[in-house]
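Structures incoming, each one as structure tokens.
Both complexes below contain chain A, partnered by chain B and then by chain C.
Moving on, here comes the complex of A and B:
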């Protein structure tokens, strides 16, 4: 048996292989779910569907979860396309969220924002951009540091960004739990509650008041992420920057021979990547109105998977994030005998199984197996 | 003062041992060029496999046989982490998948599987308390304040790994595979076999770290934070610049930091937990600044090897 690299597989064939892999994986997941719940898989899917899209509010929330995951996946994509293994999205989003929450909080303590004479719209027009800028800057800083050291001294970026995740996590944990700050951030309680909820004009700096109906606070993040999807698609596909990113990703040497300043591209792209992660952090804080150590809740890592399993294609990412969110949040809706309910852990396990299949199937897309002695020409 | 130190050091060892197992396993793995980010997941699988074994054994016999009480959890743990290592190798070496993506998926899988199974077992046990009753088995692994025999095994493994990498011919060849697989291949070294063996043995060592966490550190299954220990173990790999013997001290040191942090009020505790990551970052930067060959990561770390690729 002999393994050879495929020349060029037609795109539809590649997606066919992926489709088959996903179908096998989902069947396996169904089987596992059946073994645990002894329920008809169709009933399970039906329950998941009802739990996620059963009411208007639930639908909003589900779409919002998809938007969050999609947003982070989009954010990490430019870096990945450059083969810069940025697994620091978790930290970049969290530190962005933290910066946004801090602005929201401290603005809420300023006299101007407590002045009942000023209308809510005016206050929010000032505070939203401020939160966004803070979040974007914080995320960009978290993206810039590993890129700087990578381009200067070739510091391993995977390990660097991994550590930065924990630095961000511990900073946030410290800020929301240290007594001195905790009393400020959350006067009573262990977790930081709804920020600014105590103000007469509750909802300064979060999207709750933008929409009237319940669930519509999720409208803004959804719209932003939708726009981002289109913009990033165009950026990667048609802009000069996007072209430079893919050349650097293919081969740094080729890029530098072609006159591309590789270091500059790396730093620029990572700042972009981090800034977009920060933006998503802002969206999360804006929609949820609070910050916690688990505000990102592993989605930074899941996003790496989404980006990779969609082959860095923003359109593919929409479907991948939908699939993963459906599984992660849908599993909670399925009860099990003996009072054990399927939970997030179970969903994560199934998600990983699907990922294993997708990871494995890439082999059949990139390589072909040749059995026996091959008579055809030697490449 | 003496009493404090005499109390403190054993507890630091108890907290540090999962890190030592994890980092030793990861060093062995990385020396073959595989950056296995699945270590937290592997440790989780090792832990739940061992715990399940202990639980089933403990609740099927009235009187525990010391030999079986030790061997059943250990063997289950080794088998579980062996399978995880095999999966990682199959995907990254044979199927040539991306190592970061594979590793992260394994961490997601391991964390999800272990916590789910742990939850199911706890519910099935119908105990009043929300943890798994393995109180009799854990006594064979130490008493919570003292490291227990498995700690000596861990230190032994770390020393042996160090000697193996440094002084044996096989160790030299393994390092060659990690530095430059093409050259190693040309010199007649079976790259695939080395990658498989190093990664699988590495993940079995790491799996023991998960077992130690449950059996000797926390002594019960109750929402364990093994993933945090796993990521910290990966940090230690960098911190010690890929040296298992130094990792003995680093792990105990970081373990000591964790012990100290429990004495402080919430908030300050979080700052203490920040220290290992910041220190590791600084070491990572300094090492890359100084560019001393023996301190740098293995050159082909994280890169797949395909002979026919140019």
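Moving on, here comes the complex of A and C:
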């Protein structure tokens, strides 16, 4: 038996393989859920649906979760398309979120923002752009550093971006959430709760007062990510930059023969990636009104998968994000007979199964297993 | 091919990271338990004649593997069974961190029709308040919190118990043991030193070890105590090492306020008597475990759920006592405890109930060599710990009266803190 490269698999066949993989993955998830909970799978799915879309507020929240994951997936896509293995989205989003939260935190200590004479709208028109700019800059810096070192000294970007995640995580922990440690933002040594809770409940520095109905604070992030999806689709597909990214991704040599300044493209794209991650960080802080070490909660890594399994296609990412959010957040909505709900550990298990199958099936799309002695070229 | 392999490896690495990232707790066993649980619910449901028609939500920081959360989960199930709330009408969510997730979970519960939502961890407080502001028709109850009496929300409440009384009683059991050791000649009077492993220097811990110490001293007046803080509620290794350090330093009895089996198992290996908190540790210390005090949350849950169902107001602060059944001393291990321990405990308990005995009586302790006649405690939470309330009157420190959560944070004479960095 040996493994051979498939030359050109028809598109419909590739999608058939993917479809089968998803069906197997979901069936396996159903089976495992059944084995652990002994509940009818239909009931479980029904509970997941009710938990995620059972009310207007819940629907908003679910769409917001999809938007977050989608936003980060979009952000990492330019870098991946360039074959720059940026697994630093987690840190880029977190540091962006941290910068936005810092603006929110210190603005809350300025007399201007505590002046009841100034309306909420005026305060927000100042604080939102400031938070956004801070977040985008911080994210861009986190993207720039690995790209700069890569282009200058050819460092390994995978390790570099990975390490940057831990740097961001430790900075955030140090500033806001070490328990028992007199951290800067929370002198009594507990994790930071709502930042500036008085201002926050007046809707300053967060999106809570954007809509009247419960849940509409998620509207703004959702709209931003929706616009971002379209823009990034156009950028990658039709712009000169997008073309350069593809060429560099195919082959750096070809790119430099064609007169593309490879290092410049790498740095520019990574700054873009980081900046977009930072933007999502701002959206998370704005929607949630606080920051914690787990604000990103692994979505920076999940986004890599989303981007990959959608073949870097922004439109495909909408569906991948939806599927993953449905499984991950939906599982937590399933109460077992004794009243204790399934928790995030179980949800992660389901997500891992789905990712395993979807990523795994790409192997069968690109390669085929051959039994016996066929006269095909070896890889 | 090489390149492809590299990509696959890369993705596997990311997959592993994505999987590890979010599962920081070392426990995932939870879903395996339901097999035996449903019967419990059924029998409980059939016993009661009429059930309360109300939906209830419970939010827990960790799951059943933590003694702290297990104590809450058991109380929640028991309270629902007693009140006849059918399964499906109460939701328990575990592993909810002290962050935004707490607000989301509380809001979801309110959204699904819960009329009352409980949370069990100190850091949940801000997020419960946030949910309380958004859902004024739903009651939000938070155990161990400190802000309800200043927040002035009609639907946000704190609860705790006068657990210092339970600690004091546990201290009496420890004191009886020391007395027995003295009488049997196992130790001399100059060896009367005990040790305590604490988590943080929070008032909750200070109040706990001080009341425990005062209980011991009521039996053996010469005793002193060393305290080590670990900086974590759950760190088995640090708790074990701290206990060993205390024993190396000459402590002849150990107690602790942290959630792992670290200190009890260290005591068992050295044969040093141990007094526990929040749960019996007799399983790891059959030859050293004496007794454990704990807060039983069931009375509060039942009270608050009933009040919510009837539309009655729940006080901003609710403090459970021995009388409400919230403060318990349980599983006295007669194999280790001294003779007549139960009688001594019963006598003290009766005196506490009658109000003739006060744990923090100003006659019982001194600070810097002098007895106190006045002390301003930080009862109203603020970042700078501003003392704001006079808590000493009628000759004793009024713990858990101005708010349910403890605020006794005095460093009394006779107790040495070996570290204070947490």
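Basically, the second predicted complex is superposed on the first by the 342 of 379 C-alpha atoms of A that agree within 3 Å, B and C clash if a C-alpha of one lies under 4 Å from a C-alpha of the other, contacts with A are read in each partner's own complex, and residues count from 1 in each chain.
In this text, contacts are C-beta pairs under 8 Å (C-beta built on N, C-alpha and C of every residue); 3 or more make two chains touch, one makes a residue touch a chain.
Worth saying up front: this structure is predicted, and the values here are computed from it rather than measured.
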By the touch definition at the top of the document, which applies to A:346: first (chain B), second (chain C), both, or neither? both
Applying the touch criterion given at the start, work out whether A:174 contacts chain B, chain C, both or neither, answering first, second, both or neither. first
Check whether A:37 is in contact with chain B, with chain C, with both or with neither, and answer first, second, both or neither. second
Pick one for A:54: touches chain B only (first), chain C only (second), both, or neither. second
Have a look at where A:305 lands relative to chain B and chain C in the superposition and call it first, second, both or neither. both
Just to be sure I read the superposition right, which of the two partners does A:292 touch: chain B = first, chain C = second, or both, or neither? second
Contact-wise, after the overlay, does A:359 reach chain B, chain C, both or neither (first, second, both, neither)? both
Figure out whether A:8 sits in contact with chain B (first) or chain C (second), or with both, or with neither. neither
Touching chain B in one complex and chain C in the other: list those residues of chain A. 5, 36, 85, 87, 158, 162, 179-181, 298, 301-302, 304-305, 308, 338-340, 343-346, 348-349, 352, 355-356, 359, 363, 366-367
Using the touch definition up top, name the residues of chain C that touch chain A in the complex. 1, 4, 8, 10-11, 13-15, 17-19, 21-23, 25, 27-28, 30-35, 37-38, 40-41, 58, 63, 73, 76-77, 80, 87-88, 90-95, 97-100, 104, 107-108, 111-112, 122-123, 125-127, 129-130, 133-134, 199-200, 231-232, 383-385, 422
Residues on chain A engaged by chain C in the complex (per definition of touch): 5, 36-38, 51, 54-55, 57-58, 61, 85, 87, 90, 158, 162, 179-181, 186-191, 193-194, 197, 201, 214, 288-290, 292, 294-295, 297-298, 301-302, 304-305, 308, 332-333, 335-346, 348-349, 352, 355-356, 359, 363, 366-367, 379
For the complex, give me every residue of chain A touching chain B. 3-5, 36, 85, 87, 149, 153-156, 158-160, 162-164, 166-167, 170-171, 173-174, 177-182, 298, 301-302, 304-305, 308, 338-340, 343-353, 355-356, 359-360, 362-363, 366-367
Can you list the chain B residues touching chain A in their complex? 35, 37, 87, 91, 95-98, 100-102, 104-109, 111-116, 119-120, 123-124, 231, 234-235, 238, 265-268, 270-271, 273-274, 277-278, 280-281, 284-285, 288-289, 291, 297, 301-302, 306, 308-309
